[in-house]
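What follows is a set of structures for review.
In what comes next, chain A is part of two complexes: it sits with chain B in the first one and with chain C in the second one.
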Partner chain A sequence: MPESLRHILEHWLTQDALVVGGFALVFFLLRAGARNERWQRAGARLKRDRTGLIAFAIVLLYLTIGALEVFQIPTASGTRSILDLFLGGISPEKSYSAPLADTLLGSARHAKLNGHHLLGTDVLGKDVFAQMLKACRTALIIGGLTSAIYVPLGALLGVLAGYFRRWVDDMIQYVYSTLASIPEILLLVAIISATTPRWGRSLGTMAIALGITGWVGLCRLIRGETMRQAERPYVTAARALGQTHAKIVVRHLLPNVMHLVLISAVLGFSNIVLAEAILSYLGVGAPVGTASWGIMIDAGRTELGRDPLVWWNISAATAALFGLVLSLNLLGDSLRRAFDPKQT
Partner chain B sequence: MPDPLLEIKNLAIHFATETGTIEAVRGISFSMARGETLAIVGESGSGKSVTGLALTRLLPEPPAVYQSGEILLDGKDVLKMEPRELRTIRGKKIAYIFQEPSTSLNPVFTIRNQIAEAIKLHRPEVREIDAEVIKYLDLVGITDPAKRLHDYPHQLSGGMQQRVMIAMALSCGPELLVADEPTTALDVTIQAQIIDQLRELKQRVRMAIILITHNFGIIGGLADRVAVMFRGKIVEYGETRTVLAKPQHPYTQALIQCIPQPGQKRERLATIDHAALDAMG
Partner chain C sequence: MFSYLVRRLLYAVPILLGVVAITFFLDNVMMSPDAKASRVLGPKARGEQRREWIHNRGLDQPIPQQFVRYIGNLATGKFGTSWVTGREVREIFVTGAGPSLCITVPGFIAAFLASVGVALFQVFIRNSPLDRGLTIVSIALMSLPTMVYVIFAQAFLALALCYFPAYGFSFDGLNVFRFIALPVCIFILINVGYDARLYRAIFLEEIGQDYVRTAQAKGVSNPRVLAVHVFKNGLIAIITLVVAELPKLILGSLLIESLFGIPGLGNVLVQAIQTGDQPVVMTSVFLGSVLYLAALILTDICYALADPRIRLS
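Entry: the complex of A and B
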């Protein structure tokens, strides 16, 4: 099957590799950080923080579900994701059906359903619970891709601005002040609208748009912290040894601001997931047919006006979104507390 | 003095700040032979640290402006060097140790990594880096150095941290070590140990030392010469013994009176009458 092999390879290169790479990067960063005193103390504190651990477990659960949907394996009926295999027993219906109902919604003839659906089905007869789980992939890919763009950009520019100051700082500040002065949603919609005719609507273009607009806050934070770190004697000591500026930035300053990068990346992840939902709701987000919480909420616009009311689609998406965003924020707060030197 | 290592001629350094120009160093001159130890003594703001940092142009420019003068290292003017050339003398010819050993070491790297970094930078020919690191840790009096290799700075005491800083400075084989208040942040007993260590190293490694301090008490057995700085000028310069025995300038006299003497009962430490010194000009 060379055709399906090619498909799998393509899929691997565009999505699977990204997810594996993302997890490897996080693992590598944590391992590098674990050798650092500040990270060790934070880790020990985090172990005693029950809220943080629960939040971390929930985030991991979401990521795992998303990863299961990303990875595809060949089956007799074409390639399917691992998650599809788990949900394989669920048969599609013709249209809406209420959670755990026996009959199609509003059907005069009380048409029998093919099976039971925990959270009902949507307008196309797809199982809402399965859609809710599949949407984790969209969140994971958007969150991961966007973070992969904005975190390195923001961290590096922030360190450069904070270390070199003067004209470098002026230029970077000029760029981010300009970006920050434009309302974010307007800018996002503008970038996506401008790129859609050329590259089509895809998760990739949305991630690029979110990445371009998203680095300002991180850059500001890292710039300030770098200015503080650059005043410390170890930077002068490195210069007194004859170290180059590049080495001082990479070897001395970046590792000392990395904990802030981690905290903001976790807190930022929830903003990205929310932004994806908002953009999808505005109709400029995930491509049609993609499972996305934003698209599910968007569908609620018509579904909530119907009689009988279709509430399960929007409720499921909102609950899933709420769970992820809340867990990410709790985890981010726990990390911040754990890294705070003033905590005992 | 034949073939001096370092010769400073009429060096003046200003800082351009928003509120006006601060004349930190106002035309100082001195020279040092190889292997000689010079103590630069003065109070805070006298320009002694600025002078030390200026030797390899470590002061941030701006605000610092090298107004005039020459810093001749082996006959070459440091103030005319390109950044690339400056990096080759930093660490390799002139190494530094600073006041706060706890913050002068990068908190996220082991001491082995930090010393290895210095060795790799200036002595790329060294193959057995671990052995070299151990050699220098041993040289500065760290017991059982092989066990200390993978310690982080926070796991060491202040005195140990300062020894690691000294080992790092020595590992590049500098001809001049600038020790900027190396004992100020340490306990009194540790201060004595570090000074003893420097005295011992001075004999084992032939190296010139500039000891920058506000404390006349610690230079006794270490410095060959003393330069007393006051308000950006060298007000007294000479052999340590002569200066300690017969200080000429009233500021030097006042500083020496500030050294507490054991067994001597004194109600108040002497103060420095700046108005009188101003009147002298």
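Entry: the complex of A and C
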């Protein structure tokens, strides 16, 4: 019992706390933003944007499903995630079966299935619908961890470079120019393979690699906007009133570029989800055995060529991935229009 | 202009040094010389063989010494030979560039024309339901990973319906078109969504300019304002953006090439990563960053040429 107790505690500390903390942080930041006049106007505009609201609801749905898979509770048969409890009635099969079929795929003796499967089963007999939902956890963790690394880094360095200029700007520019000039996919593969022998292949190493390559674009954007803001009278006034640099950066500049950070973070989340799929496909992504859309799509490559054709596995993964990425992109687009109505 | 160019080129040197240092560091953290040897020679190689292999490549020297030698080699254009195939790295890159360009150049041109066309049409009907619909389609095209396009196209258009070969490449005569048709189409699909949206934003920005109001006040018809005034000015901004993409075309597309079995540089690189062929991978990184920096300088020059208000100094 102490062994399993330790396992639960560890899981709570590393994953559950992380997810709760992440959601709380986003909520806190949005509430802080709601006091800002620019954000209030954007919020009012967003409320009239039907596409944006639908996209937002879909993104929330995905995140909720992902969070349900993260949270584990002890049951009679060991610890299981809440999502597992919802999907509890689904029994595994021996191998492939088509959506809603009664028998195994291609079996001569018409072996009866143990249950019904909305989207069929994969090669190991696992329910595809359940796998598709469980993969939301991978997307949530990768997206959340990576954002937690690159968003603060990119925003802060961007503001510092844009405000202090001179050697601070030179140094930050040098670092990101160097990183940007390495082909991104190569840098990702290199960082992941360099860290794997030490820390093992995990979602964490992938998030670190994506975080190291991801902050460049955000930093560049924020640096440019900060330079524009720093010439505005309110910054000069703050300086004239004798406010410290730290206070100007934290109180004045950061809040005034925060909306760009929000938009970039939403659009960046969609890129991270896509990158996870591509890295998993290249074999350096999610650890083997994780439910991941990239791994499902990779499996689908051979399954589409076999006879009889197995199309449900890759189709389910593609549809789920597409739904999330499209909603994130549409939401980002709506946010941009809400904050900058001139650019329709 | 000349002094500007010299300064930009000098500025590129520390960046390239940084790139080489990062890749060299990652490579050394990644694998010990012994692990590299057993990966390339296979698990059966005996200790003696491995030691000889390591010694021949100078991997037993102190790391700072290796680093200096490596930089010297790069600066003089000595890229070495592949550890796996034994071919000259330079030759690998020269032969790989052809097939890569066969895919990227037609794809790039077609994607450019298509996105400019779509963007202009969207600006013409701006804020109508159709415009909104086209934007959503563009976003949808960006929302799928490349391999999904490739896998579905191979399964249905090539294997099931036999319109195209699913895999491979050949240079003889008209045959080449059969092999590049699908990869080029997919290259267009994955680029057109992003580009069309970007170009639409650029054209829209032009529409807000004073000269458009002047033209309208003069009595120029709306289609003519778009087709002549906005198009010309927007195109300048777009072309300067596009020029920056040109150098990258040589490196090809990693996923498209490896999935279609096209012997271009993207494919070479994927194989080199999988087999641990260090000289090929390191040269790709170096070449990639040289091309990227060249693109940046090219963009600046284009801006200066297109817009006389900008002086390079």
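Please note the rule applied: the second predicted complex is superposed on the first by the 340 of 344 C-alpha atoms of A that agree within 3 Å, B and C clash if a C-alpha of one lies under 4 Å from a C-alpha of the other, contacts with A are read in each partner's own complex, and residues count from 1 in each chain.
Note that a residue touches a chain if its C-beta (ideal position, glycine included) is under 8 Å from a C-beta of that chain, and two chains touch if they have at least 3 such contacts.
As the structure is a prediction and not an experimental result, all values here were calculated from the model.
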| item | value |
| --- | --- |
| When chain B and chain C are modelled together on chain A, clash or fit | fit |
| First, second, both or neither for A:L29, with chain B first and chain C second | neither |
| Of chain B and chain C, the chain that contacts the larger number of chain A residues | C |
| First, second, both or neither for A:I54, with chain B first and chain C second | neither |
| Partner chain in contact with A:Y174 - chain B first, chain C second, else both or neither | second |
| Contacts of A:P255 with chain B and chain C, given as first, second, both or neither | first |
| Which superposed partner A:A299 touches (first chain B, second chain C, both, neither) | neither |
| Which superposed partner A:I191 touches (first chain B, second chain C, both, neither) | second |
| Touching partner for A:Y281 - first (chain B), second (chain C), both, neither | second |
| Partner chain in contact with A:A237 - chain B first, chain C second, else both or neither | first |
| Nearest-approach distance, in Å, of chain C Cα atoms to those of chain B in the combined model | 9 |
| Shared chain A surface residues [contacts with chain B and with chain C] | none |
| Contacting residues of chain A [partner chain C, same complex] | 51, 174, 177-183, 185-187, 189-191, 193-194, 197, 270, 274, 277-278, 281-282, 294, 297-298, 300-301, 304-305, 309, 314, 318, 321-322, 325-326, 329-330, 333, 342-344 |
| Residues of chain C that touch chain A when the two form their complex | 14-16, 18-19, 22-23, 26-27, 29-30, 126-127, 132, 135-136, 139-140, 142-148, 151-152, 154-155, 159, 201, 204-205, 208, 251, 254-255, 269-270, 273, 281, 284-285, 288-289, 292-293 |
| For the chain A and chain B complex, residues of the former touching the latter | 35-38, 232-234, 236-244, 251-252, 255-256 |
| Touching residues on chain B, where the partner in the complex is chain A | 56, 58, 86-92, 95-96, 98-100, 103-110, 117-118, 121-122, 152, 154, 165, 168, 172 |
